[in-house]
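You will see two complexes here that share subunit A, one where it goes with subunit B and one where it goes with subunit C.
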Partner chain A sequence: MTTVTTQIKLTPEHGARPGVSMRSRLQDALPKIVLAPSFAITIVFVYGFILWTVYLSFTNSKTFPSYALTGPRAYQRLWRWTFESDPPSSWYTSIINMGIFGFLYIFICLALGLFLAILLDQKIRGEGVLRPIYLYPMALSFIVTGVAWKWFLDPGLGLEQTLHQWGWTSFHFDWIKNKDFVIYTVVIAGVWQASGFIMAMFLAGLRGIDGEIMKAAQIDGATTFQLYRRIVIPLLRPVFLSAFIVLAHLAIKSYDLVVALTSGGPGGSAWLPSNFMYEYTFKRNEMAVGSASAVIMLMTITAIIVPYLYSELREKPR
Partner chain B sequence: MLRKLLIGTALGSGLAFAAHAQDVKEVEMLHWWTSGGEAAALNVLKEDLAKQGFAWKDVPVAGGGGDAAMTALKAMVAAGNYPTASQMLGYTVLDYAAAGVMGDLTEAAVKEGWDKSVPAALQKFSVYDGKWVAAPVNVHSVNWLWINKAVMDKIGGTEPKTFDEFVALLDKAKAAGVIPLALGGQNWQEATMFDSVVLSTGGPEFYKKAFNDLDEEQLKSDTMKKSFDNLAKLVTYVDPNFSGRDWNLATAMVIKGDALVQVMGDWAKGEFNAAKKTPGTDFLCYRFPGTDGSVVYNSDMFGMFGVPEDRKAAQVALATATLSKSFQSAFNVVKGSVPARTDVPDTDFDACGKKGIADLKAANEGGTLFGSLAQGYGAPPAVANAYKDVVSKFVHGQIKTSDEAVTQLVNAIEDAK
Partner chain C sequence: MSVIATPARQSTGGISARTVNRIVIYSLLALFALFYLMPLFVMLVTSFKTMDEIQNGNMLALPRAPTFEPWLKAWGETCVGLTCAGIKGYFWNSIKMVVPAVLISTLLGALNGYVLTKWRFRGHTLVFGLMLFACFIPFQSVLLPMATILGSLGRFGVTLRNATGFSFGLGNPTVNLVFVHVVYGLGFTTLFFRNYYEAFPTELVRAAQVDGASFFQIFRRIMLPNSMPIFVVTVIYQFTNIWNDFLFASAYAGTGDAMPMTVALNNVVNTSTGVVEYNVNMAAAMIAALPTLLVYVVAGRYFVRGLMAGAVKG
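Take a look at the complex of A and B:
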């Protein structure tokens, strides 16, 4: 990337000189030529299709796209469904679930990841063995995680059944079959998968902190708790930013985890907005509603991420 | 590669000959028949075509109701990469035909006399705008009970003739410590069972008005409320672990004797067959109590796509083989359904199959052959899915009373229309 900028900066000087050779002109243009395909692909397949989705959400598309604009009917329907809480509409369930899942998933992953990282950072023996054990779940796909936890949490197959066989017959854990708790099983599986990775990120951050600062604080009489509370955690702020962004995007795209773990849950009670979008666009032949829900998801993400990024990144030049 | 071959041959021996000689001897078939009985049934067609020299390119997309397969199909069609044929259900065929991507089999249909032998109710879905666009493979009926005979004998039960007798039978099973009703808690299975409950509670006339004509008066009537109450009663007999279970696992519970009965379409018989069970001695098939004389059907169709000329011959061979009497008989014996043409002899069928064929014929003549709403033969997919939503939410407790269920049903169907 650095080379590219330098080359481009050089261009005017070169170009101004008369009679430059073909070769050097080509050399100047090369970075642009090389970048052009990926630039074009991004423009078309990311931003182009975002615009196309926005357009479709204002049409009356059913099974296949139709191009006649028919107004914001899809949004009106979603708006109405947003407030249908009893019995919950599928859209209402999806956004409430997104709130519960997004908050718990990000919060628990950050807390657990930081806690594990701090423990591992105590120069304990066997760290080389422990670290990969925690990190390993991240190597699995959501589908594998989902299926494994589905079996583990199934009352007839997994944990409950095993404990019953061992004699603890009063044990009861059927969250995965329960419409009110099924979303928390998604949180459990998601946290299990991602917290090790977040731990690795924090561990790298901790290793990057200058030991001199710690020593200085200790000499000043700071307790271990104060040390972490006042010095270490504030210094880890950039890691929090990276971890938050990684987790937020994982949370939003957890479609496959929900499908593999719960197949949508009892009566669709485990749906996330991504499931809603897929169901309506591809299974129910209501492409306009599906597109509208996708647009709303994009808007929501933008509304959360952009201010956060802005507030974090603006302090950099200081 | 193919194009190169074509051009090469054309240069050598003239275009007309080349186009003929290079016909692609292959059918590409998208389907969701991946479970034991189903896969065995499809194999019959595969072998039929192999005898004629056509290779079979399988595109299986697993998942009971075919949702995943339909998504795959949509992607293939959007990319212009049409399969030769795809397993399709009801309104989906018409949707694709309206989009103008289906082929035309009328020539073969006239030659083989399909319009006379295929029931009119099915032709509503296989003929679009006067053109044959799909070959019906079978007729399934949804209103069946599948009962484990050993369990039935143990509890001393007899065939239930009314809904109340059915409930009494379930009580007996419960008292004997068996799971009375095997159900998979996925929305399409719950809605499929509810189709039968509605037919049983309200009778044929009511079913047709409510679920085929979508008459609002009927949808919010007291009879519909009663149907939901009856469904709620049935749900009290399932095991606590039913949510999310696949239909063939529920059938397996009946086969193994863990459960007494499953309410399921006759594709369940394919699973009994695959487990080497015999009707009458190992298991029993009865019509859902109170629905004798009516048939709530769905039908698997092979939708035929508008493939290029060089693949056309293979497509016609596939369609003709599909609707041949020998295949209709051989296939449906394995699959558990009944032939999609009424002139196929029932000699090879077991007791359940013979009853199914006779019932279909009677229902076809008596006007009691109705499309299943849960299976996409009662109304277009948006409505059918709205219906499944409501039934599923009722079964799992998001919708608490039958009053509320009826209101939701009316709203959801109105919304989706």
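Take a look at the complex of A and C:
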């Protein structure tokens, strides 16, 4: 972008030449000038801020940022907390939860999404009604989703109470109040919200498969199960990849859902790293530790996204 | 693609096997439809019940005497933190934040997409790649520097107001949120328009250029009139995302009168003073969900396309 600005500034000095040249120079530079603010904003507010956060993570910042570097103390503390399982440190809880939540959320969404897409692809009457029903939760905020499920899973008011009234009095479901199980309620609400969308992705993928291949396989005597296992699912590999990327990135970013559904769970037992970061930075006045955890989150996402973006942007020869 | 529906070999089992098959499929589909509808149904039903009926009745039962009272109370009377004036003010906060943020980010995205496809320069892929990656960062990694910058701008705004009598929006939480959402929405809007314009015939642009049309003339006369679908997709996507945002909202406008709807809702629901009025909470949640639900009902097709475009990348 520096080249763009110097170009404009230089133009008047060539002013001996007729104005046409200046105009055409401006015209040539115009596309870059139009793009420049957005690009500059991205560089400063995304990459500059990331570096700033990285810098803060190597300081001793507490309530307010301090800019004297004090080495990787924040990371050493996080590293120590990583193995502090009894009693679990908040960081230990957060990353264990991230593992449980990330794995179950991604796995169940993929499985359920694929399953529903295959079912919906059987020339279903009323598909036009069912599809929007499966998909609408994606339009809701995590906060609304959390509020709805908090109510639904509340032992005194929701599902448990309802089943008791229907006569199943031994039914017991208090995960949302149980520190060992609360993270699974986050999985339930998360799956509820995103699985319909994953279904739509798979359905679009299924509709794109060439019918001839299927016919050929059927003629060769493949059973329905074989057909899906051997032919359809391998053909859907790109969809699996896209869906995985979407889900992984949603999972690592999930913050609001935990807040709305569980308020962090009993004793912070439902925290994810995003909640850890927010709490340590803004409530516990441990800014350096909060920043370090943000850097770790960023690196995790980068490890997943960058290879993906690289292959996506490179693949298409222009 | 439908395989189970036309089984070549199972037909020996006669009609019954096929029928059983269909029954299983339809019941599964209906069961899942119930799973997805249940929370919304419960929320809706509860918001029309009296507290008495909630405590003594069944969650799934329809309200015996439907009342609008909880909705009115949520809108105009319920307590958010210490102020008890309902959520209506916060609803408007969200509107005031969403509308400019969506318009600005969409327009910038359109211009960026136009440049990145029709006025390519060396390194355009790198520029795009850098902007695209910005879509995926966890916002926690920029949260703190942004808070610091917004804080300084706010102090500068106070100085400015003392000097000139006008703060130019600096330090105003709503303006701050508009700015933040534009900045971190640019990646997505650029992505949408870039992919859309990629398929737009470049010859048209070149022909107009030869005829002497300028950069902006081409954008206005040729690109814009052909961009309606992607505008709808982008606006819906941005609207949904920004309306539903909680992280930025709670970090930069988490207290006070300027908080957006999501933060206010979370406060209403988690207020622990007095009796918890579940019906009012549910009505508040419904009100918070209505704008995006409405968009989804009216323009579901575009909503899905936006999600897909956001998912299936560059």
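Here is the rule we use: the second predicted complex is superposed on the first by the 275 of 318 C-alpha atoms of A that agree within 3 Å, B and C clash if a C-alpha of one lies under 4 Å from a C-alpha of the other, contacts with A are read in each partner's own complex, and residues count from 1 in each chain.
The working rule: a residue touches a chain if its C-beta (ideal position, glycine included) is under 8 Å from a C-beta of that chain, and two chains touch if they have at least 3 such contacts.
Small disclaimer: the values here were computed from a predicted structure and weren't measured.
Per the definitions stated earlier, placing subunit B and subunit C onto a shared subunit A by superposition produces a clash between them. Touch criterion met: A:Thr262 reaches subunit B, while subunit C stays clear of it. In the superposition on chain A, contact is made by A:Leu56 with subunit C only, not with subunit B.
Set against each other, subunit B and subunit C touch different numbers of residues in subunit A, with C touching more. Once chain A of one complex is fitted onto chain A of the other, the partner contacts of A:Val46 are limited to subunit C, with no touch recorded for subunit B. Of the two partner chains placed around the shared chain by superposition, neither subunit B nor subunit C is touched by A:Ala111.
Using the contact criterion defined above for the overlaid structures, shared-chain residue A:Ala216 touches neither subunit B nor subunit C, since it reaches no partner.
When the shared chain is aligned, no partner comes close enough to touch A:Ala303: not subunit B, not subunit C.
In the superposed model, A:Ile124 lies in contact with subunit C only, and not with subunit B. Of the two partner chains placed by the overlay, subunit B and subunit C both lie in contact with A:Phe282. In the superposition on chain A, A:Leu69 makes contact with neither subunit B nor subunit C. Shared interface residues of subunit A (contacting subunit B in one complex, subunit C in the other): 263, 282. Against subunit B, the residues of subunit A that register as touching in their complex are 62-64, 77, 87-88, 90, 154-156, 174, 176-177, 179, 262-263, 265-269, 279, 282-286. The residues of subunit B lying in touch with subunit A in their complex are 67, 70-71, 74, 78, 95-96, 99, 185-187, 240-244, 380-382, 385-386, 389, 392-400, 404, 408, 415-416. Residues of subunit C touching subunit A in their complex: 1-5, 7-10, 25-26, 28-29, 32-33, 35-40, 42-43, 46, 54, 58-60, 108, 111-112, 115-116, 119, 121, 125, 127-134, 136-146, 148, 183-184, 186-187, 190, 214-216, 240, 243-247, 251, 262, 265-266, 269-270, 278, 281-282, 285, 288-289, 292-293, 295-296, 300, 303-304, 307-308, 310-314. Subunit A makes touch with subunit C in their complex at residues 27, 30-32, 34-35, 37-39, 41-43, 45-50, 52-53, 56, 65, 116, 119-124, 130, 132-145, 147-152, 157-159, 161-162, 165, 192, 196-197, 200-201, 204, 206-207, 209, 211, 214, 218-219, 221, 223-224, 227-228, 242-243, 245-246, 249, 252-253, 255-256, 259-260, 263, 274, 277-278, 281-282, 287, 290-291, 293-295, 297-298, 301, 305-306, 308-310, 312-313.
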